[in-house]
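Across the two complexes that follow, chain A remains constant while its partner is chain B and subsequently chain C.
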Partner chain A sequence: MTIDIPFIWVAFKEIIKALPITLILTIVPLLAGFLIGIVVALVRIYKLKYLYRIANGYVSFFRGTPIIMHIMVIYFGFPLLLDQISLRFDLGLQTNNIPIILFVLIALTLAAGSYLSEIIRSGIISVSNGQLEAAYSVGMTKFQAMIRIILPQALAQSIPNFTNIFVGFLHTSSIAFLVSQKEVTGAANIVASVNLKFLEAFIAAGIIYWGITILVEGISFLLEKKVTAYNRGGVS
Partner chain B sequence: MIYLKGIKKSFNQLPVLKGINLKIEKGEVVTILGPSGSGKTTLLRCLNFLEKPNAGLVQIGNIIVDAEKATKKEMLAIRKQSAMVFQHYNLFAHKTVVENVMEGLIVAKKVKKKDARQQSERVLDKVGLSDKLDHYPSQLSGGQQQRVGIARALALNPEVILFDEPTSALDPELVGDVLSVIKSIAQEGITMVVVTHEMSFAREVSNRVLFMDEGVIVEEGTPLEIFHAAKEERTRRFLQRISGETYFLPLKEQVN
Partner chain C sequence: MGKAFDIMLIFEFIPTLIHYLGVTLQILAVSIILGFVLGIAAAIPRLYKIPLLNQLVILYVSFIRGTPILIQLFLVFYGLPALLMLLFSIDITRMEAIYFVIITYAISNGAGFSEIFRAAIRAVDYGQTEAAFSVGMTSRQNFFRIVLPQAVRIAFPNMANSVIGSLKDTSLAFTIGVMDMMGRGDTLIAATAHALEVYLSLSIIYYIVVLLFEKIFSKLEKYFNRYQKADVTAVA
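Our next item is the complex of A and B:
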């Protein structure tokens, strides 16, 4: 078996067309998951009645099971559930018309929410109690103190962790090809099968993932430098 | 005016305050002395409900709160009557010096941003930091940070400023700076309650000195009365231990 180096470029050009889908599958779940994460983190920190147990269960389940399983269960389970509901209430829903990407996005969002909630929670806990007391002492409510004092510091400190999660989810989005979503890995698989050049196609896909990762790490580094400038001391 | 009646506080069944009664008039500067574990910091924190007393009545200005059934709203109201200067400064780490001072004005007092900035700059000028407005706390020395802490409290123009060992975390050479700022505020007639180990400060600045031990106020009086004619044995023992001069007096006599 030989390696067809020029074909890597051919494959690259073909596969990169699927990059937007990969980015959607990464960014949308992380943004939606971020909102879930903040709510879940606050519920768990303040131990809100009942909700607290639900939040615990949610985090435990989604962190305790592989993401590929979430995608499968939601992809096969959701249409079944919707069909049942539709039948009972005579809604006339056509689950076949729901784009597959929606199921994948829901699964990834739920997973992202559980991972991000733990990052946000640890960020909040890492802000010293003195900050909260100072906020109270100038007359802030709990909510004002959280929004204006605690969360900004917690999130700034969590940037390296957010980057980790981003990179992780960028790569995890490749699972979506199992339910025939044509993202980068799916596209590579198609190019590979059609031309029977697997090595070349997946090398091309690898270059794309690596390139995006390097880019994101660079942005994260600059962002972190900017938003944690307050913490570094020294006279500017 | 501050009025405390029957303040009790326990941590895990360990009583720390055993029924404190206290009245502080407007404009008074009161220092609280006492050995560590005597409950003086807890008493100060009970005043603004950073620690919620188990029982008792707290009044600051015209807000009266029964600690046993204090609601969040009441606690907030009483906090807005006071401001606190912390041992470890507790400046908002992600905000610049001037933003630290503005924060309370904007959020709790609903002052417009422009006015808040003006007021903050004025107060920061008073504590000698008008050249550090846009620095972050991490770029300042301990003494400078504590002066920002004082400015933050002062800007709120509260009924009372609570000082929780404001100089104990500072390098000895920076203590003087901070004390002189506190002194100058005291002379403006702002009510202050100061927990401190700085005996010279208590002697020179305060109108009244409280000596606490084991969760009760053992003795109170003017600095003169406490430092030179303490009635209680416990007070005398404490002062003797803490003041270097008297401690070394017998030694000096021996040497001579």
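Our next item is the complex of A and C:
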């Protein structure tokens, strides 16, 4: 077994075509999970009756189990559930026609929601209480204070954490290849199996992931500088 | 195959699967210990700014943090035999898959740990070092008696997170054919065609283990912070 360096470039060109699917599998769950995360974080901070127990359970369970489990359980469980519902109400749904990517997206969204809710929660808690008092003192309502004063500061502070989650989910999307999604890892696997050059194909896939990670970290660094430009403490 | 979904099967599968928890924990323990050593070795060039080695470690950490663990697993699985063949003409293609998994996770943990150690040692106030020198300690004594014990306390929560993350990552070891819990689950699915139940029992096992780990770590964290006053934010 020797390394065929020119083939890495061939594989790279082939694999990068699958990049849009990887990006969809990263960005869509994070955007949807962000909404879940905000709601769950607020429920847990305001300790809404009963609901906050559910929210705690959700966050704890999804953070406590590997994401591959979420994907597998939803991949196998959702069609069963839909079949039962469609049988009961005579909807005539064909679960075989649902694209697999939808199941992966649902699973990743639920996982992203739990991780993001923790980040948003810690961001909100870290905003000093004086900000809230000041908002109330100028006559803002609870809702206004949260939307206009607390959340912007909380989210700005959480940018490094969001970057970590983005990179984490970019990498997690590679698991989708186990349910035969043709994203970067899946494409690498196909290129590797067809040409029997496993090492070269995975080197190419690794370079793609690495490149995007570096890009995202760079963007986040610039964004952080911009957003926290007005955040000056003390005398500086 | 009888019913499509049988809730009792979940509990029937748990004893079979838990039998293989040992393999999972073994992978985790060995890779954490090796990763710890690697992490220290990688942190030293960065702390003391040893030329060349410093840049190499930066590259190593960046690559590990920039690629999914799945890709790293494949790269080690296909790349290590090729590399050893090329350099020393040693044939390890017949080596058991679990060793490749342990090597991958050790390399991956090493990168994470090195960053954690570096940040923790930097977080110890420089006044401590000055105080140590002022009472006549050597630089070595200062490091082992003053800086390291305090750094361990700072690093511990991050290390605990890393260990739990690593535990969840071990669920991917089955992709290169290791017979851990997931691998056994795969064979159970092949034998019974009850995929959903298998993955649900696996989720339950992982969840319980993670909860257990979290309990232990939070106890340990309290122990490490026993001399700490309420305000631990006073780190330079």
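The definition used in the following text is that the second predicted complex is superposed on the first by the 231 of 236 C-alpha atoms of A that agree within 3 Å, B and C clash if a C-alpha of one lies under 4 Å from a C-alpha of the other, contacts with A are read in each partner's own complex, and residues count from 1 in each chain.
In the analysis below, a contact is a pair of C-beta atoms (placed from the backbone, for glycine too) under 8 Å apart; a residue touches a chain by one contact, two chains touch by 3 or more.
Since the structure is predicted, the reported quantities are computational estimates derived from the model, not experimental observations.
Once both complexes are superposed on chain A, the partners chain B and chain C fit side by side without clashing. In the superposed model, A:Gly130 makes contact with chain B only, not with chain C.
When the two structures are aligned on the shared chain, A:His171 is found in touch with chain C, with no touch to chain B. With both structures placed on the common chain, the touch criterion links A:Ile214 to chain C but leaves chain B unconnected.
More residues of chain A are touched by C (comparison of chain B with chain C). In the superposed model, A:Gln144 makes contact with chain B only, not with chain C. In the superposition on chain A, A:Pro152 makes contact with chain B only, not with chain C.
Rounded to the nearest 10, the angle at the Cα centre of chain A between chain B and chain C in the chain-A superposition is 100°.
Measuring only between alpha carbons, the smallest separation of chain B from chain C in this overlay is 19 Å. Across the superposed pair, chain B and chain C touch chain A at no common residue.
Listed in rising order, the residues of chain A touching chain C in the complex are 1-3, 60-61, 64-69, 72-73, 76-77, 80, 83, 167, 170-172, 174-175, 177-178, 185, 188, 198-199, 202-203, 205-206, 209-211, 213-214. Within the complex formed with chain B, the chain A residues making contact are 128, 130-131, 133-142, 144, 148-149, 152-153, 156, 229-236. The touching residues of chain C, counted against chain A in their complex, run 4-5, 62-63, 65-72, 74-75, 78-79, 81-82, 85-86, 93, 168-169, 171-172, 175, 182, 195-196, 199-200, 202-203, 206-207, 210-211, 214. The residues of chain B lying in touch with chain A in their complex are 48, 50, 72, 76, 79-80, 82-84, 86, 88, 90-95, 103-104, 107-109, 135-139, 152-153, 156.
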